[in-house]
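Both of the next two complexes hold subunit A, though its partner changes from subunit B to subunit C.
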Partner chain A sequence: MATAAIPVPEGTIIVGKPKWRPLEGEGNLAMLLLLPTVALLMMFIAYPFVRGILLAVTNSKVGQMGEFVGFENFARLLKDPIFHAVVYNTFLYTFVTTIFKLILGLWLALLLNRDFKFKAFTRAFILLPFIVPTVLACFAWKWMFDPTFSVLNWMLFKLGIVAAGAGVNWLGDGDMAMLSIMIVNIWRGVPFFAISLMAGLQTISPDLGEAAAIDGAKPWQRFWYITWPLLMPVTMVVMLFSVIQTFSDFQIVYVMTGGGPANATHLFATYAYQLGVGTGLLSQGAAVSLAMFPLLFGIVIFQLMYIRRVETR
Partner chain B sequence: MIEGSAWRRWVFFRLPMGIFLIFLLFPFYWMIITTFRPDGELYIPWYRATYKPFWTWNPTTAHLKYLFGETTFAIWMWNTTFIAVVSTAISLFCGVLAGYALSRLNFKGAALLGTTIFVTYLVPQTLLFIPLSEIIRTYSLGDTPWSLILSYPTFLIPFCTWLMMGYFKSVPKELEECARIDGAARWQAMLYIVIPVAVPGILSAMIFAFTLSWNEFIYALVFLSSPEQKTVPVGVISELVRGDVFFWGPLMAGALFGSIPVAIAYSFFVEHYVSGVTGSVKG
Partner chain C sequence: MSSVQIRDVRKSFGTFEVLHGVSIPIEDGEFVVLVGPSGCGKSTLLRMLAGLENITSGTISIGDRVVNNVQPKERDIAMVFQNYALYPHMTVADNMGFSLKLRGARQEEISSRVNRAAEILALTPLLERYPRQLSGGQRQRVAMGRAIVRDPQVFLFDEPLSNLDAKLRVAMRTEIKELHQRLKTTTVYVTHDQIEAMTMADKIVVMHDGIVEQMGTPLELYDKPDNQFVAGFIGSPAMNFLKGKLKVNGAATFEGPNGIKLPLKTVPGNSDGRPVVYGVRPEHFTIADDGAEAEIVVVEPTGSETQVFAKLGGEQVVAVFRERHQFSPGDKVRLRPDPTLVHLFDETTGKRMNA
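Up next is the complex of A and B:
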């Protein structure tokens, strides 16, 4: 280096212009800290979202950019009987599984909230369905639902519920397949509900319940008038996450039924995949995906408003 | 506290808890037992008297040998680990910085940006996978691990940011102010005072982000095509299922071994994971 810095003896106080420290301004520092996040989110969320809208209003196929067709793709969806089934299936799937996940999750949370031996151990094991890769766990379920080798049918057979050779056709029949994927979804979601709701239960002071008990409230009254209302804010947030995940679910259906039999279990995501990736009709697939957005948006706004109302009460 | 007589304890606690545990854990038992059961015992129809589901006296490692010898399972494991580790690192870096900025700095548009990030947190992957696959192709990232390393942060960063905001808010302002009075620059106070205090939060975000990216499926399914690039979930589904033929032994072995790394990572950080779950809910 030609211009080496002149060494300043230790203890010297430099008087004069203060050092230029741009990062002392909160705005500047914030900008710098947020830059990587904003850049990544712009590139991989905002931009794809715009691209998705552009795709949905053209007639693109894989490898060829299409022409502008306006709302033709959406108009076609409105007339598409499979799409009607998709909308119905998705709402049914989300509604039924969320109710069951809430009831079973709350029940399990109440059980876990007691003191018992191996509590930490039990809690750790209970979360397993939620943490292992869904696709891999779904294969275990698919194997358990196998028409010929189903262990579940064997259990029902041993219990005397089904006869030999007349087992439940878990994934082969439309309604039954819907029920089967719902069972898997509930299986996967209950741990999340239970652990989150348990955390909510722990924030409720036991004094309240004890005071009510002294006043003569029965256990279910204590639950209904004290625990349930106080748990409401946590419940709503858990529901919000669960509803979004369930509404946009892909993995369980893709592995268990692939949307079949005869499109009986298609959800938005699997139908979008089948159109966009399976048959290469990019624009139609993108339209199906995007159709999810206003519905999800509505659900989210509704729930957020409800959460705010509950929290400010 | 379990009050009441023995039968009450059974009816209201042990029985329902037992049923819950069986329901939640049986698929894993089934995975393990299938992995070590010879084919001859696997393929017996359920109504035959010889169907003995719960135990085997002839355990075999044939399925494991097939999985590690005949398929590229080991490579899938490596790919998944690499992708999960790098995308988790990127997301933590971005999430910690953004979380700090949004929770502790006053600047114009902070509230709006915070809300925007929360909303992106709620955008599901299945909404964007088709246009994103087009973009990945335009950036020539298709069929490389980078397609996933760069796209996974889109759902990991909002989560990490949200979790870290909660943690940073709980760090007392005085800590930082002390450092500032002693002459630390703003960024030094952040790096040496606030971030070390928030380490438990960072661990929660880390373990959570790691499991999320290990489990991700649809992006990996759409962006990757050659067998040696695949992640475990995609590899298992495409290489161990041929048309209608399912190789159940190796499939269950793959499911088991594909779950073990997350289970191990999780077992080390159970408490952090649980506080991550609940932290993400409390916000």
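Up next is the complex of A and C:
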């Protein structure tokens, strides 16, 4: 059946009624797209943080709401000798392990950046300590550090360095325990440094090294004048991540020493956990973790400023 | 300044040989251009000269010293890379002074030599800038500055102009040539652009598939190419090639595709009926009544000259005329090659046959 066309005067332009399309405005769309992120950030970062602050200014214990006590918890920490040790331990632990991770990671990265057989395989293999669940790896290390039956003491004995039955008391002595957890942290952290720095090395054009060689640079001068400064931005970002992670490290210490012997290896996170959850003094635990915040904040700001300076150069 | 001798140099990567015995004598102060299509081994040869690649066999000497086992930094050469390889974290002045600094030169000496080089290259106002704040042409000049500051025995250039736009390329070409005339340092320059080679070189070395096809002055190569490859590579637009046979009965002629006859001046003896390739440059065609008939396909005027693509005996050829003709596609014209300027090549070996 043919439909009769509705007569329209010539020259008329027919425009449909505009539909209501709220998402076509950029502002509305932006809000909508931001919503999930904001919600997640609020739920998992802002809320716990605020909650921690609220907890730290009360005297709550497990099963007891507690009352507002102001900065009493923080004042107590200032006089707490264990807390003093925790601050010292955390700085020492972070400083020593980061230096070693950087040196070893850089060395590995430079080696891996060369051309050799089974390159891809080796590169993947290097990542292993990073992939293994930390807690499992820490249990394995704990066995290796066992004073009586461990492989480390067995090797020292076989090499004639220690007498039978007089092995190193790895985790039982305060200083040795600190050394032990540092070794584990370095072992676990080096792959991250190595892989990230290698990625950084690959962005440096090989022409620059060749140009420097023609300019008369010896291999160490090529590294010192060309590679190292050009790698600096990547190095700083890797260091930043590593420092944050190491400063708030928990798993290694918790599994290997539990902060002992005699609080010799407590870090911020483990001490906060012991006070807050282990002992049930929630507010004091919260105060310890919050005390970490300004220190870490200072370090991060310093590093970010440095990165900025390096990058705008 | 120094002469450079490349003697029977070979290069293999694994079992794959890329240079099959290359010998090039380079005189003191000479500007030599290595030219050839990509993959011909010219850049590899330059890198061997610089010491960035090992020499599989043969010898390279700079001055009277064989440098096969000499480290790049001991060779007293300077190289300009295709992408300039400027140190991005150093200022222009530091880039240029880096080699002097490594050599342990005093600060005053470094700045005076950097300043002198900067003056030559008009870089003085840019000395405190970083490479990323420079334009392509300026970076190119800094790379050259870095080379001349050292006052080396030999300059090496690895396709230095290929990252520049056409106009800048022409300008820099002149600048490099001027610089060479001023400093008179032995220079080896690698390019795939035959116009760069023609305009800049004292001596051109045409390379192809790891061998030297021909060596000579630009005009020698243009006038008397040794073989069909060189003939086709040098000159723009490229030489026209037509396959056919020689006829020596009576006046020597070339019998091309579809029976067209083209003139010849001389032919080698005993060559009647021999299959050959007849080469004629586009600029050596004239319009003449006794020419061979051709049908015009496309006309491209450039202002100074006109390129005409035409079918000659069914084969497409290109002719260039300085004078203006009113041609349109489909027109029939009579093209006559200048018989004194045609080239004959053996059809199988591609070797030049006429003197």
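As a convention for this text, the second predicted complex is superposed on the first by the 299 of 313 C-alpha atoms of A that agree within 3 Å, B and C clash if a C-alpha of one lies under 4 Å from a C-alpha of the other, contacts with A are read in each partner's own complex, and residues count from 1 in each chain.
Simple rule for what comes next: contacts are C-beta pairs under 8 Å (C-beta built on N, C-alpha and C of every residue); 3 or more make two chains touch, one makes a residue touch a chain.
The model shown is predicted, which means the values in this text are computed figures rather than measured ones.
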Subunit C versus subunit B on the shared subunit A, clash or fit after superposition: fit
Subunit B versus subunit C as contact partner of A:133, first or second or both or neither: first
Touched partner set for A:207, first subunit B, second subunit C, both or neither: second
Contacts of A:52 with subunit B and subunit C, given as first, second, both or neither: first
Contact breadth on subunit A, by residue count: subunit C or subunit B: B
First, second, both or neither for A:226, with subunit B first and subunit C second: second
Subunit B versus subunit C as contact partner of A:77, first or second or both or neither: neither
Contacts of A:215 with subunit B and subunit C, given as first, second, both or neither: second
Touched partner set for A:282, first subunit B, second subunit C, both or neither: first
Nearest Cα pair across subunit B and subunit C, whole Å: 10
Those residues of subunit A which subunit B touches in one complex and subunit C touches in the other: none
Touching residues on subunit A, where the partner in the complex is subunit B: 21, 23-24, 26-27, 29-31, 33-34, 36-38, 40-41, 43-45, 47-49, 51-52, 54-55, 104, 107-108, 111, 114-116, 120, 122-129, 131-137, 139-144, 146, 148-151, 153-154, 157, 164-165, 167, 187, 190-192, 195-196, 199-200, 234, 237-238, 240-241, 244-245, 247-251, 254-255, 268-269, 272-273, 276-277, 282, 285-286, 289-290, 292-293, 296, 300
In the complex with subunit C, residue positions of subunit A that touch it: 205, 207-208, 210-218, 221, 225-226, 229-230, 313
Subunit A-facing residues of subunit B, complex: 1-2, 13, 16-17, 20-21, 23-25, 27-28, 30-31, 34, 42-47, 51, 53, 90, 93-95, 97-98, 100-102, 105-108, 110, 113, 117, 120, 122-135, 150-151, 153-154, 157-158, 161, 185-187, 211, 214-215, 217-218, 221-222, 232-233, 236-237, 246, 248, 251-252, 254-255, 258-259, 262-263, 266-267, 270, 273-274, 277-278, 280-283
Touching residues (chain side subunit C, partner subunit A) in the complex: 50-52, 71-73, 75, 77-79, 81, 83, 85, 87-89, 98-99, 102-103, 130, 146, 150
